[in-house]
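Per-chain residue numbering starts at 1, and chain names A, B, C and D are given in the order in which the chains are listed.
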Amino acid sequence: MSLDLDAIYRDLHRHPELSFQEHRTAGIVAEALRGLGYTVTEGIGRTGVTGVIERGEGPTVLLRADMDGLPVREATGLDYASTATGVDPDGAEVPVMHACGHDVHVTCLLGAAEALAADASWQGTLVVLFQPAEEWGGGAEAMLADGLYERVPRPDVVLGQHVAPLPAGLVALQPGPAMAGADSLTITMHGTGGHGSRPETTVDPVYLAASTAVRLQGIVSREIAAGDAAVVTVGQLHAGTKNNIIPPEAKLGLSVRTFDEHVRERVLAAIERIARAEAAASAAPREPEFAYEERFPVTVNDRAASARTAAALRTAFGAERVLEPGAVSGSEDVGVLATAADAPLVYWFLGGADPALFGAGLAEGRLPEHLPSNHSPEFAPLPQPTLTVGVAALVTAAKEWLD
Amino acid sequence: MSLDLDAIYRDLHRHPELSFQEHRTAGIVAEALRGLGYTVTEGIGRTGVTGVIERGEGPTVLLRADMDGLPVREATGLDYASTATGVDPDGAEVPVMHACGHDVHVTCLLGAAEALAADASWQGTLVVLFQPAEEWGGGAEAMLADGLYERVPRPDVVLGQHVAPLPAGLVALQPGPAMAGADSLTITMHGTGGHGSRPETTVDPVYLAASTAVRLQGIVSREIAAGDAAVVTVGQLHAGTKNNIIPPEAKLGLSVRTFDEHVRERVLAAIERIARAEAAASAAPREPEFAYEERFPVTVNDRAASARTAAALRTAFGAERVLEPGAVSGSEDVGVLATAADAPLVYWFLGGADPALFGAGLAEGRLPEHLPSNHSPEFAPLPQPTLTVGVAALVTAAKEWLD
Amino acid sequence: MSLDLDAIYRDLHRHPELSFQEHRTAGIVAEALRGLGYTVTEGIGRTGVTGVIERGEGPTVLLRADMDGLPVREATGLDYASTATGVDPDGAEVPVMHACGHDVHVTCLLGAAEALAADASWQGTLVVLFQPAEEWGGGAEAMLADGLYERVPRPDVVLGQHVAPLPAGLVALQPGPAMAGADSLTITMHGTGGHGSRPETTVDPVYLAASTAVRLQGIVSREIAAGDAAVVTVGQLHAGTKNNIIPPEAKLGLSVRTFDEHVRERVLAAIERIARAEAAASAAPREPEFAYEERFPVTVNDRAASARTAAALRTAFGAERVLEPGAVSGSEDVGVLATAADAPLVYWFLGGADPALFGAGLAEGRLPEHLPSNHSPEFAPLPQPTLTVGVAALVTAAKEWLD
Amino acid sequence: MSLDLDAIYRDLHRHPELSFQEHRTAGIVAEALRGLGYTVTEGIGRTGVTGVIERGEGPTVLLRADMDGLPVREATGLDYASTATGVDPDGAEVPVMHACGHDVHVTCLLGAAEALAADASWQGTLVVLFQPAEEWGGGAEAMLADGLYERVPRPDVVLGQHVAPLPAGLVALQPGPAMAGADSLTITMHGTGGHGSRPETTVDPVYLAASTAVRLQGIVSREIAAGDAAVVTVGQLHAGTKNNIIPPEAKLGLSVRTFDEHVRERVLAAIERIARAEAAASAAPREPEFAYEERFPVTVNDRAASARTAAALRTAFGAERVLEPGAVSGSEDVGVLATAADAPLVYWFLGGADPALFGAGLAEGRLPEHLPSNHSPEFAPLPQPTLTVGVAALVTAAKEWLD
């Protein structure tokens, strides 16, 4: 009996689920792990799943995958494209897509779980962990809050990977700060509603919100040193119900990335300062409100553990297939699993893009301009060799740490 | 038997219905008219209702009221405030409110219908018309397309009124161009979606749409002469599903008001020019799309008919209670009922605001700064003397034209 | 002996002088008036000139022309184009051009002075007044402050004209409010200077000033009713000395037009509010400063005197050549000469544009789109019939008021 | 006889000269070098000066300082502050200040020239070079074009330093890319001028330029990866001559910093794209013009030569006083002197700020927030120990390379 990873991948891709709603995915995972002989726990942090194999003395290694999809309408044209929908936190029905590749993560970890279960050469404890709700944050925290490390052995090292628009066949591991810290916040800006034909009787919150979204660009362009990295994205802007009504308020949804606490504080303070000032410029009836939502810490790979793992990967794949990519502006909550265990983290990127898209630019570290990135409606990792390499990377890394 | 107008008004206010969904309202209207002896036709233009009384030779006078509410969440605090919801054209459930006072219009016209039915002093034909879907436009057109003037006599004059934030007790009639022409359009701006942390791999449509909303302000401020009037309102801006996803597109919903076809063409051309240029500034993958929705013509009161009607109103109310307010930037589709009949239109405003809110400024033609205007969630006409004056104005005007 | 008005016009056009520097122009005027037999006073309000003829009993009529040019580099391509320069109030040498047509005004008034001196049919007192510094304001005030009405007889009516982009051959007289009130102000916005490569160590006043100039557009587009007229122009924006230095401050020069004191106050308050808020958005080290410079009142033509004068002009030119143009957004200080004398003002526009440029649009009140307006570097009135009609209009109007 | 460096520094600071106008400075330098026994050449590249000492066999070492000041009005309050003025490339008289510390560079190099002339322990050839016009670029190129390396021996290494807002007493040397490449360009945006009261007859270039300056912020904030560094500064914006005239054009002066040719090309293309699109948004009568002015290449320190020099500096000052600062966004043309000689470059920063301003933040690599940076009107290096350390650093580095 052997898992058909390609089929699993296509099935998961076709059936994405939003954060904390990964019931179908969790069920597939749990059933597969039981079939492979793992001791399975379900429902940790609502929809999280773990599988454990204990083989006497030796280190405890945790391999982590995340399971949730995103509210994106798939536009890949794949024959296994998603047409699924889900209900977002506001209660709206939205299209759902594995636009971030968590289906790759789940599939590879199932493949690694199978390979490691079948591999008699190691000793110690293996924990495979399938986490909910990485996208909306809170999934790792939810598993910890739900007693994760009382329910599975506390790991000596936390390992994981994320598929990325690098050429399939490669892995990339950055020691030290590897992924940005992220803050998500929603700004509610208040105006005074009225008739669209009589703006002079209103305070127009659409104009106010648009001005704010424009003025926020100056934070990164004017207030952060060229050598410091920061991203301020307004991912959502919603205002109004009808063209001829000036609504009473507007909402901006922001995602902020930084690599340094000083820069983070500077950016968040600037966001609030600008939003307040724009409200004053519009003579808004009251100050904007700032709701801070999920926060991801900077993802920091332990330098010693990264060196050890990277060496094992280079041995397995050849040095030319193991890159050091620099820090990236994406964010992750995998780090909280390591921090809570006081264990080193090693988290790498798994190439998932068609190598043919990369020309000479790759040698210079340039990505192709037209490569759909994670979260794009056209994000479509190449199933192979991505899945095979992803399984091998997890197995290699895990065995490096198991006795 | 007599209609209790205050009770009818409160009931209608509590139960507003969106455009073309005025089933309950139409039912109440039809039942009342039948009780008053009118020949009633229902379902003209989906939910429109007419009542006719013919009394031999004489002119045909059409009195018109509109029936629909708006997708606004009422915030008046009135004990008869609406908590109703409806389904908007996109299929979303939205709160509904009589934020434009059509409940006043319906109530007054029922009152006038009662008074005129009971009044033996006139001769000719009276048509009372309750129109659907003024807010989303199309209601008057729909009744015409549904054979209105084959189903009721073609009028010799079209009369109607709109409640406005003038002091209750007054009416205001502007000869000539009295209300603006209106165009509603939706602009879809295309970007390239992706991860919120990697804007450089995307074309951010939120920033594009915000920049466009800001740049559109320059049309009225820079491109239209001070002596020409125009309004360009972005009443809706919607983009994005999640803070950390840069979405693939954004939508702006615009309402445009003008009083002159040359100005209108200049404004609409400038909107398209600016949206296209902003897309180019963002290196958008394709041009924005412009969907033109309802269009209201300029509402023009026939000068001779207005003079005759105003004289009658002055006689009834006293000259000091009949204002000439200047053209206003609101819009109406009542004019198409007159144009289709080749009949003069006389359409006036009915004061609905607490006179105590107006100080010395009224003499100078100034409205109080804090008066909630039509379409505001706080729009709350004073029921009395508004209803009584509104009934009297309709009766006075109708009798001026009937023999 | 007769004045060669075409030659005088070309000479004046070729030699424009800035406000309060009209020495050459004033000299030409004074010499010509003396030659015509006027009692001449020079140097009233620095460079103002008056000429008086008294012929016994009868009304006193004041005809006014303004003399100054503008700091504009002429781009008309005329063979009599200006290449003159002058020194502006900041001490900078700037090109100078009669871009507002004051050379037409001076020439026409000299022609009228000649005709009226030669015309034995009238009785009373004629004052011809050549005013300095209309453009920078203050010229009329300066003449009054310098004892104008102790040095020449106080007029019973003040008459004058302004060349405008209407077809040559026409005049246009608007009773009541005819030209806008104007306010000129300079906003100094403070940043913190530094190296262009390190904006994060600065507060960039160029970005601050640009954001403010953009945000100010929202005043006219969002805060003023469609039926009210206002113009907010940023005519100057100056910041910086070198591309790689972020300067410590930026200056915006604004010109504001309104027709109503309430609107004026609302606009000026909004300008200050927005500038302060934008400074706050940039975390500016201190608040902006607002320096209010010249102010022109609304130019109001006395209704009775306008009716009388218009009737005379219609008799002289034919009714079809005397328009009622509506109020215009340009401004004038001629009104203070009338107000100080407690005399009615009648101030009309003189067509100066090639009638061939106007097609059918004129009948609809439309100007040609490509007509260079006053203050444009391409403003070039057609000398004839403009000068002849301008002389005739002044003579006709003056004789209407003289016995 | 000994040079009084503090007096020289104060004198140079009080008498700054603009690029290619460094006649007084060059005269002081030449006279001092002659007094020290150097073979002096003046007027290389207009105002450049070299001094040479040849002592038989051995390497040739070039020490470089730049001499020019900036068009900044000094606001340090120092008793030796500048009140000098100069004439800028546009012919305008402007205040001048040593706001970039080139007076420190000249003084230190004179001190090093004196010490090395008096030091008998070395052999080889020493070239001290005082370059004009670093600020406006072109100074190093001008010296090369004027036959520099035919007039002085071609160096085996080029050494130099720049004072920086680091604590006085420290030096900082970054191997590899150390300073950004810089491009300076001027964008001329065309509108259509006219009267400030009639914007509808114009295309307002002030609004156009302001919109462009705002929209350019999106390049760094949206189009450049967080891990790539770029700066786009609008250091100048000039438009208009009078508040009530809408001018025909506006000029933006930009300074761009990048560390990578791909990023540079992306930024420059985006600037042109945005400016063209904004012109289209305004319906500008023609496309903007882009004038590219000075360009500085990325300043790249030779890694081997940097390691050798840094080791010598650590020996001289102690390792804790020799930092590795990371690349900075400032730019330099010193690199072209090395490139033309095919010699390695070693260029370091010299701390010039009061160490008391730095608290615990220095250990974290944080600069004090309130430290005036280079090009600020308040830039005021502490003369001591800056000058003494600057002389010692040059002497130490030179002797490391001389035999």
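We adopt the following convention: contacts are C-beta pairs under 8 Å (C-beta built on N, C-alpha and C of every residue); 3 or more make two chains touch, one makes a residue touch a chain.
These numbers come from a predicted model, not from an experiment.
*Asks:* I need the common contact partners of chain A and chain D, sorted by label.
*Replies:* Looking at chain D and chain A together, the chains touching each of them are B, C.
*Asks:* Moving only between chains that touch, what is the shortest number of steps from chain B to chain D?
*Replies:* 1
*Asks:* Could you grab the centroid distance between chain C and chain D? Build each centroid from C-alpha atoms only and quote it in angstrom.
*Replies:* Using C-alpha averages as centres, the distance is 48 Å.
*Asks:* Quick check: how many Å separate the C-alpha centres of chain B and chain C?
*Replies:* 43
*Asks:* Nearest whole angstrom, what separates the Cα centre of chain A from the Cα centre of chain C?
*Replies:* Between these chains, centre-to-centre, one finds 64 Å.
*Asks:* If a residue has to touch 2 or more other chains to count, which residues of chain D qualify?
*Replies:* Residues 180, 197-199, 202, 204, 207, 211, 214, 217-218, 221-222, 225-226, 231, 257, 328-329.
*Asks:* Across the complex, what residues on chain C touch chain B?
*Replies:* 180, 214, 216-222, 225-227, 229-232, 257, 262, 326-329, 364, 366
*Asks:* What residues on chain D touch chain C, complex-wise?
*Replies:* 70-72, 75, 88, 92, 94, 99-100, 135-136, 180, 182, 184-186, 192-199, 201-202, 204, 206-207, 209-214, 217, 231, 233-248, 250, 253-255, 257, 293, 328-331, 367, 371-378
*Asks:* In the complex of these two chains, what residues of chain C are touching chain A?
*Replies:* 197-200, 202, 204, 207, 211, 215, 218, 221-226, 228, 270, 273-274, 276-278, 280-283
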